[in-house]
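Structure record follows, encoded as structure tokens.
By letter and in written order, the chains are A, B, C and D; residue numbering begins at 1 in each of them.
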Amino acid sequence: MSTYGERIKLTVFGESHGEAIGAVLSGVPAGYKIDMDKVLVQMARRAPGKDKTATPRLEKDFPEVKSGILNGVTTGAPIACVIENTNTKSKDYSNLLDTPRPSHSDYTAYVKYGGNNDIRGGGHFSGRLTAPIVFAGAVLRQILEEKGIKIAAHISSVADVNDKPFNPVEIDDELISELNNSAFPLIDKSKEKDIREVVENARINLDSVGGTIECAVVGMSEGIGGPLFEGIEGAISKAIFGIPAVKGIEFGSGFNGTLKRGSENNDAFEYKNGKVVTKTNNCGGILGGISNGMPIIFRTAVKPTPSISKEQESVNLKTGENTTLTVKGRHDPCIVPRAVPVVEAVAAIAVSDLLLVN
Amino acid sequence: MSTYGERIKLTVFGESHGEAIGAVLSGVPAGYKIDMDKVLVQMARRAPGKDKTATPRLEKDFPEVKSGILNGVTTGAPIACVIENTNTKSKDYSNLLDTPRPSHSDYTAYVKYGGNNDIRGGGHFSGRLTAPIVFAGAVLRQILEEKGIKIAAHISSVADVNDKPFNPVEIDDELISELNNSAFPLIDKSKEKDIREVVENARINLDSVGGTIECAVVGMSEGIGGPLFEGIEGAISKAIFGIPAVKGIEFGSGFNGTLKRGSENNDAFEYKNGKVVTKTNNCGGILGGISNGMPIIFRTAVKPTPSISKEQESVNLKTGENTTLTVKGRHDPCIVPRAVPVVEAVAAIAVSDLLLVN
Amino acid sequence: MSTYGERIKLTVFGESHGEAIGAVLSGVPAGYKIDMDKVLVQMARRAPGKDKTATPRLEKDFPEVKSGILNGVTTGAPIACVIENTNTKSKDYSNLLDTPRPSHSDYTAYVKYGGNNDIRGGGHFSGRLTAPIVFAGAVLRQILEEKGIKIAAHISSVADVNDKPFNPVEIDDELISELNNSAFPLIDKSKEKDIREVVENARINLDSVGGTIECAVVGMSEGIGGPLFEGIEGAISKAIFGIPAVKGIEFGSGFNGTLKRGSENNDAFEYKNGKVVTKTNNCGGILGGISNGMPIIFRTAVKPTPSISKEQESVNLKTGENTTLTVKGRHDPCIVPRAVPVVEAVAAIAVSDLLLVN
Amino acid sequence: MSTYGERIKLTVFGESHGEAIGAVLSGVPAGYKIDMDKVLVQMARRAPGKDKTATPRLEKDFPEVKSGILNGVTTGAPIACVIENTNTKSKDYSNLLDTPRPSHSDYTAYVKYGGNNDIRGGGHFSGRLTAPIVFAGAVLRQILEEKGIKIAAHISSVADVNDKPFNPVEIDDELISELNNSAFPLIDKSKEKDIREVVENARINLDSVGGTIECAVVGMSEGIGGPLFEGIEGAISKAIFGIPAVKGIEFGSGFNGTLKRGSENNDAFEYKNGKVVTKTNNCGGILGGISNGMPIIFRTAVKPTPSISKEQESVNLKTGENTTLTVKGRHDPCIVPRAVPVVEAVAAIAVSDLLLVN
């Protein structure tokens, strides 16, 4: 369906080397001012061709808004954006028709669509489809900010190099603003050199690395979400797994929390400035599927880019024989930095939908 | 909403100390034989009162089927099941009205429902609500098995004691059957003693422990799922986070995979008996959101039970003052063993829905 | 699916001669007092066995509330109700297994469910399934009334005998209250005698008659609904066609309006007591799919009961031959009076969902 | 939401005088050839500026396909189409900001969107938004035809001039093909003159007329749909009410059927060429919400165009005073002929979704 949400509905379309990609964002309330420059900042953070850690494919990624915003203000009608594909080198992908790339969608898409899918550049499965997602998130974030809700993410780790985590009980505005505007968002900037090294090392070995991204939603009002299948974790996770290459998500202390005892993992309540808060935030701001007013914090695992230039074992679907494959084309040795604004955008979409549903 | 699914729709109702809990399962195709004894086996695995690691509250958990099954065969109409609550000690919970238990839903439910929710035993947020989920899963598993799909889970870890993981490329029927019928499902049974020890140790310290559960769906046909928000990971994660206390999920190599290089994490294709398979299964059977025919494997984090008997810091919502709380009532020092059949059931529900949607 | 709604979700279950029928109503906000006596009044209006125009099958139709209401107040959890089937004479229906009743669901259900559906009394297709719908509507109406929204319907016609229509611009509370409590709701009560005559005449001829029901939703706030597929007409119509035997719906001047010119059918605006109103209400309170604050008015067509005692032409699905059929069992010569509270209930469900969605 | 469907999801975007309108159609299976010339035929039937009964606004209505179709074959990815708005005269609408047109969406949109909606040409409420709907329907019809399903509609009436109805039990291919290619589709072509006269008469009186459209879906397989809220009537009606100006729908004998006795309205079964058919088709091909294999037939009421050039009573929302309004701009004195391909398209969308859901 390529569609997410109940009251905010995002529909993504396009294929990597087709004419255009884009999104329709329905359900956005009328009357909100949208600063298109701020949208472009987010688009630029995700756009390729800017950093040595990423694919050299250069795309302007300019979102043409076709409807839903009039004189810079939301009209209440669906917001449609179209992003033309300008820099496509399609012949690079010709050999993938028969020989699927390991750990990419080529094989499963072939099965599902009977070979009719657009294989060029990964088609509808391409990471390029995250551009319209970032557009949608960048619009919604501005509305969330008017409600006092801010979202920030950072590179939590690349391979075995770790950034410092968020302070889960207090995240200050300055840090958020800094991360929101960074192309290589880290809390501890001294780690940038190590991370670039590990990525460069993979690149020159025709290989790739993965990592994790930590995201915080600050200012979320209490009482949003619900029990069982109505919970915030389920809503956010469904959205986050919509990002290609994401293979895991954890909220609060997550997997690590399973090593603690209840007495250590439980978050004690206390009054602070007349407001109920928790002293720690191992629950990631969510209890019983419902926000408790503390920052919502989750961490997501991004697998090492499957498109590597090393020779790999595969099969020839036409001849039915085992074969080897050397992937051509332009690839990211590490997509984690470019995925950070995508995670923020998806969080904005999920949270906006949750707020309208509740 | 307490509802999950598109073509298979599960609606769960009930409150822990109310008259009854239950479920309506819509969309189940007609004509399938359901062996109610097999359903009762699964209900019994989850039911409390049987094991020292769990709450001593004894419930028969007998599901009365009110519709949708006639002479043991599905009719195509919604399957409704009602489970009476028989063993309730409601006065245990009286002090929680004002003083929420740390890391439980008491506080957020209070905010969302304005104090009108049924607080007794956690009300609609109680782990008891997983009983009708197990019922629904136990019905659907029988239909999946007719299609050659089997589901098994095991205690992957409790605190820092780990079970052996599944062999992700080949899981034999015998192991599945053994796990499916066990109240303490482990691949390496020699770990049972250590796990019981770590739980007992927590219990006598009025504390609790958490753990992880690994689940495999074997025999899933290729080509199920889809790109972006239509992916299998999103569908399963949304369902799994519907289980109280779950705080994380990872597919295949998951978080661990972020420490590998692409060349190590990628799963090489090869032909085996004329069928395309992968030599490893770091993707957890899912590429581009779509099943590749290998076992679907995921691991989920279950936090330490928040209801512990130790004194904890909390607040008095009536007086607006900080206070302490000693939780009374009967609790599980570790819910992981009882959560295993719940994870299997939820996987069955998610997979059944995916199959009908595709 | 037997499910309706987005934010208020109604799930209906049961089969006419099964153990029980019932409903789960999710999404009802917490903190509303529900007067169960008022619910029983609505259940009684629909219940069979009370009037010569209806089937003599006597059912108590007592809704046992299993969850979601505590001490008479909604808890925010799903409200589950179970109605036991007590008065079933199942052998009456044995010959329908092979020989479907004309214009009933027997044949299409046989095709869809491969003969596994519960044929007794129409199974899940029975008009009896409207009892839990009335329950749900009766709960929601009390909440709507707290918001100043009232719903009333009346027998608009039976065969060719017509009741007076609502005054579409002003419907007074007294009329609403009278209709809401009547088992034979008419605006012009002098028509009761004629209607009873036309029904009795059909009955003694082993035949049946149909009719229309007009329904008004008064006090609906302006601005609810939306353009295109988000419109009120679409939402209400989808719900209303969920009632067995409904074959048509029109809003405002409806089909009759197509005979008018624009200048006659358009509703002029004017200020009245500082509020924008329309002088006429040919649009049925809905413009561009959105409520304009005037009463929402629709009329629905109920076909003559297909279950008649006259001999009819049918087929024998086992032998593949044409045959005739004489339907046994107890039937309504006219279901229109009993369908009035059902239409009101469905309107309450649709309107409640619209209000929460908007 | 401007979105319809479960497995086939249509999302419509755009505003009448904005940059572009369009649609995203998700869920279309891969591998179907789409003849774009056939799509353009349907677009042309709906397009304005061609006939004296319609608005003189000339729009090319050329759908640019941005994704989902590669070399004329569906890829399985969402099909996105963009239609540029080329012929807009926006200043015509300036006075409607304060003074809403009677029976148009101006007032209710003003309330819902707080005056931020794009009022020009009706914005997102414009009949122009049916162009992308026709595009979507024209794509899906080609897929339906490969499955043996054809859809045809005709002008059933304009004001009091009636066309001959379909023969509900047998509709031949020639008639379908003729209607599908006509800009003024009638079964009895001799009625064209009378209809044009009644429209012209309204036009010269600065007025408008409405009418009805009858639609048939032929070749629908049996067993599609379901009981209660899963029924075909509900699905089609929700879609059809998505068309601006539609105020009623009836299936089979509909409202007229309420004047018949059961014995007259019931459709006798018989075997014909080894297949179960009905001798009449008063049920409109649907029993118990499920298709019985006969043509699905429905009739829909289209109100007289509310935009008329006559002076009308309205209010000034700024001054709070009653006023009069003379609508400028270009309008259709009768939209019924142009709405015929829209009804066919919507039927194609609803039926495609029903087929995939079942």
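Definition applied: a contact is a pair of C-beta atoms (placed from the backbone, for glycine too) under 8 Å apart; a residue touches a chain by one contact, two chains touch by 3 or more.
Every value quoted in this text rests on a predicted model; they were computed, and no experiment measured them.
A.B. asks: Please work out which of B-D and A-B is bridged by more C-beta pairs in contact, and write that pair.
C.D. replies: Greater number of contacting C-beta pairs: A-B.
A.B. asks: Test of understanding: which option in B-D, A-C or A-D shares over half of the contact pairs of B-C, residue numbers taken as the match?
C.D. replies: The chain pair with the recurring interface is A-D.
A.B. asks: Where the CA atoms of chain B average out and where those of chain D average out, how many Å apart are those spots?
C.D. replies: 46
A.B. asks: Measuring from the mean C-alpha position of chain A to the mean C-alpha position of chain B, what distance in angstrom results?
C.D. replies: Roughly 27 Å separates the two chain centres.
A.B. asks: Specify, in ascending order, the residues of chain B that touch 2 or more different other chains.
C.D. replies: 1-3, 12, 77, 109, 112, 124, 227
A.B. asks: Once you've mapped the touching chain pairs, tell me: line, ring, star, complete or other?
C.D. replies: Basically all the chains touch each other, so complete.
A.B. asks: Please name which positions on chain A make contact with chain D in the complex.
C.D. replies: 1-3, 9, 11-15, 18-22, 24, 26-27, 30-31, 64-68, 70, 73-80, 82, 109, 112-114, 116-118, 123-124
A.B. asks: Give every residue of chain D touching chain C within the complex, in rising order.
C.D. replies: 1-4, 10, 12, 100, 102-105, 107-109, 111-112, 124-125, 129, 157, 159-160, 202, 205, 207-212, 222-231, 233-235, 237-242, 244, 246-255, 257-271, 274, 276, 278-279, 282-284, 286-292, 301-308, 310, 312-315, 317, 320-322
A.B. asks: Within their complex, state which residues of chain A touch chain C.
C.D. replies: Residue list for chain A touching chain C: 6-7, 77, 227, 357.
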